[in-house]
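There are two complexes below, and they share chain A, which is joined by chain B in the first and by chain C in the second.
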Partner chain A sequence: MRKSLLIIFFLQPLAIPQSTTFDFYSPQNIKLFANYLFCEEDYLRAIEQYELLENQFVNDTIKFKIMLGYSDLKLYQQSNDLIKSLNHESKLYPDAYLVSMKNELLISHKRLHYIALSSFNLSQQAGFNKLSAISLLYGNEQSIKKSDFVSVFNSAQQNTASFLYDYKFNPPYRSPAWAGIFSAIIPGSGKMYVGEWGDGITGLLLTGLFAVLAYDNFRADHNTRAWIFTGIGAFFYAGNIYGSVATAQIYNAKFNFDFQNGLNLFLEQENYFLPEYDFCN
Partner chain B sequence: MTSAIKIIFSITLILLSFINVFPQTTFEEQYIYAANLYSEEDYFDAITEFKRLLFFDESDNYVHSVNLYIGLSYKMGGRFSDALQYLALAKLNSSSEEEFFDSSIEIVKVNILRRTTRRAFALLDTIANDTSFVHKLEEINYWKGWAYIFSDEWGKAASTFSEIQSTPQLAVLCDSVYNELYNPQLAKYLSIVPGAGQFYTGEYVSGLISIGWNVLWGYLTIEAFIGDRIFDGVLIGALLWWRFYSGNIQNAEKFALEKNLEITNSALYYLQNDYEGEKP
Partner chain C sequence: MQSKHLIFFVLLLLTTSVFCQIDDLKWKKAYLSYEVPDQFRNRDYSFESDNAAEFLEKSFVNAYWFFISDVDGDNCPFDPSCSSFFIYATEETNVFQATLMFSDRLTRDSNPIKKNKYPWDKNGHYYDPAYNYTLNQERIDYLPPTFIVEDE
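Right, the complex of A and B next:
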């Protein structure tokens, strides 16, 4: 009896192994879990988990992944702060350098003045050249010829690059001053100059209508009514000049907005000319 | 050993062996820990801990409930697309009809909240047509009523809630909102008589201004025609009178739409803050 009981007692733990404890928070498990989160693109949680790891478990790959995660979360400064802690001899350093260029471009929106690394491979060098070239579009200085600018990009990218270059350095702006002058001479023509044909024709018709009404009433000796129409006509005339200047300014602002959007879209589509990093397969 | 000691020893040994058979496993502890974070409304950490459990637990014991919790946490954080992704996983991993039904309803609720009500209706119809859930028709109709509210169909919401015994309050509320709403088409057609549409929507000052403009330009147009100034008459009538007349019609319709928005927003505000029943 006693023997049987002892056998039962000691066999239970062996028979039911899942009852053993599991350390979710061991460094190895935190790392495994963080890698899983990173591959799930849950970067915020992945970074949180990587940052729980003590220094001896943090290698350059983890630092680079944190850098990528921050960059994807649009926390560019935090991302760039990490490059200082990366070993310059690390094989990931050139990639981290490119990521830091992307971050800097998105932080400052200015031309980049980075120097190419001797450790760049061909693809990294191409990414570096493209990022440096595209950063020219963030400045105002036309320091490179169009052909030289476009030649940096591959054939699939050259059309867009050429289009963006033209938009940056030869923008089809409309002069607010000329729009105002045109509308002062012929009401509505300033708006037509900006491309607002419907508004221009409406302005011309309304100003013309009140002018005709004023003239007609003066001729019929309805002076009070004639002065009312003159006042309204003058209001429309002045409003049309002001409106034409404003329309030209809005047109230029919209153009700048569209240009910036187009540039951002191009960069996003091309993943900022960074190589695809695959840490999950 | 005496027989009494033998018996006590045997019982103790058996009880001790049970400690090993049914210990609270670390996975279960992790589940409880994450569920506590959820109940403390620490949704970010709750998601992290549930995901940790999901990643390490190979037994599939928690797949349904963990995915459900993650989905609900994302929902509470307003991340509806992520919520739907995990709720769908919870539904896929349901091990009973009850779990399947509950996760389906949670998916419906998220669809209601993000106003993809067509999807909510489709899901509710699918569940309603399933014979396993015949006894759940009242609950299905309850959420259908909410879906009608969020698709701005207060009349249908009122009639749906009126079919449910337990929610007379919602039926009354939806019915009163439905009755309070202005008909934008009626406001538009009433404005054939200038100002009448604005009076219908309770905008009396705007109605009077509209009457004033139409009387002024109408008078000047008619006077011009009577005075044989046909050119003046045509221009004033066609451009000024017509502009204010058509503006009066558009204005009345706009007022009706704005008033309706105010009425429905105030009802939604009540439902969000003061209604004590179940909400999406």
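Right, the complex of A and C next:
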């Protein structure tokens, strides 16, 4: 018993110096830990650690990594604020410029008016051209011909780019006015024109049923009943015309929703035409 | 048995009885209900209206709720139900336009094939709000049929 107490007592002084000499919070160790977190894609904590570093330890690579991290966290404005602090002569400046373009596109959802940098290499220039071209699809101005638009993309992307261009500038919308007119002529046909066949047939059957009932009762001199059926028939007839117009508008809204989803999916798949950065190997 | 051991066992037993009391709280019978909250009964039965037509409409709807719907139960496949849709449509537009919207809703309700056309609400109804049918393109908030609406 006494022996073991003595051993524990003498071991303590050996352990204490080890813990005191290792500085976990030195700039080098913070940077190492931040790099580890960045490679684990834990950008929020990585940025937290990078921001603990004093100015003399922060270089353009770290600033660019913070920019990428913010962008990945969808904090686009915070990401864009960092480009001002980056050295224009830096090797990473053209890449940061492209990231800021992506951020701007996602903030404003408008056509971008960025100017190409002379320091762009071939892949950066291609990414810049593609991002500029795709930003056209966020505006309403058809300022580039389809062939010119598509030629910016590589052969694997051209098919999707062509579809997106067509859907943006020649969308297969349904005219609410025509839907209303069709339903006024044949009840339910406006909804069928929009693609709502079930609703269209139901409208036709309901209006037709009450019209037949009204006609039959008028013929049989049951005027009260006939007028009641006329009223109900007119109620469904008018509602059907109104509904056809509303359904055409909803169809167009659905189309816009699908277009936006398709565009976002394409951009995410292509990583917004940004080059791949490998800071971990 | 020595007195030392006796005290030890008394203390041990006392501890057990104390824990049993706590466990009694833990294992107490719970009164759980798996019923879906009855949202459709939280209705506004007031007659507050801006004009005679709206008053007439509220009277019709209130009478329908009181004499038929509340007795019949939650049977409308839509959320809001057709009668509530009529009230919301009046709030969004006017009585005349709301009547047309209501007529269209009844037609759509009569269509037996509604699946994959509307998003769901959390109670399993088809979510079909009135603001999508006001003919104001800006007011349309399209949601895909796969979507489940949590907060209305």
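The criterion applied here is as follows: the second predicted complex is superposed on the first by the 260 of 281 C-alpha atoms of A that agree within 3 Å, B and C clash if a C-alpha of one lies under 4 Å from a C-alpha of the other, contacts with A are read in each partner's own complex, and residues count from 1 in each chain.
Operating definition for what follows: a residue touches a chain if its C-beta (ideal position, glycine included) is under 8 Å from a C-beta of that chain, and two chains touch if they have at least 3 such contacts.
Quick caveat: nothing in here was measured; it's all calculated off a predicted structure.
Judged by the touch definition given at the top, the superposed model places A:A220 against chain B, while chain C stays out of reach.
Here chain B and chain C are compared by how many residues of chain A each touches, and B touches more. With both structures placed on the common chain, the touch criterion links A:V212 to chain B but leaves chain C unconnected.
Touch criterion not met for A:F259: it reaches neither chain B nor chain C. Once chain A of one complex is fitted onto chain A of the other, the partner contacts of A:Y138 are absent, as it touches neither chain B nor chain C. Using the contact criterion defined above for the overlaid structures, shared-chain residue A:F163 touches neither chain B nor chain C, since it reaches no partner.
Contacts of A:Y114 after superposition: neither chain B nor chain C is touched.
Once chain A of one complex is fitted onto chain A of the other, the partner contacts of A:W178 are absent, as it touches neither chain B nor chain C.
Of the two partner chains placed by the overlay, only chain C lies in contact with A:A238; chain B stays clear of it. Shared contact residues of chain A, touching chain B in one structure and chain C in the other: 206.
Put simply, chain A touches chain C in their complex at residues 176, 196, 198-199, 201-203, 206, 235-236, 238-240, 242-243, 245-246, 249-250, 252-254, 256-257.
Contact residues on chain A toward chain B in their complex (touch as defined above): 1, 5-6, 8-9, 12-13, 16, 18-19, 21-24, 29, 32-33, 36-37, 42, 45, 48-49, 206, 209, 212-213, 216-217, 220, 225.
Chain C contributes residues 97, 99-104, 106-108, 110-114, 117, 132-133, 135, 137, 140, 142, 144 to its touches with chain A in the complex. Those residues of chain B whose C-beta lies close enough to touch chain A in the complex are 10, 13-14, 16-17, 20-21, 23, 25-27, 30, 47-48, 51-53, 55-56, 59, 220, 229, 231-232, 235-236, 239.
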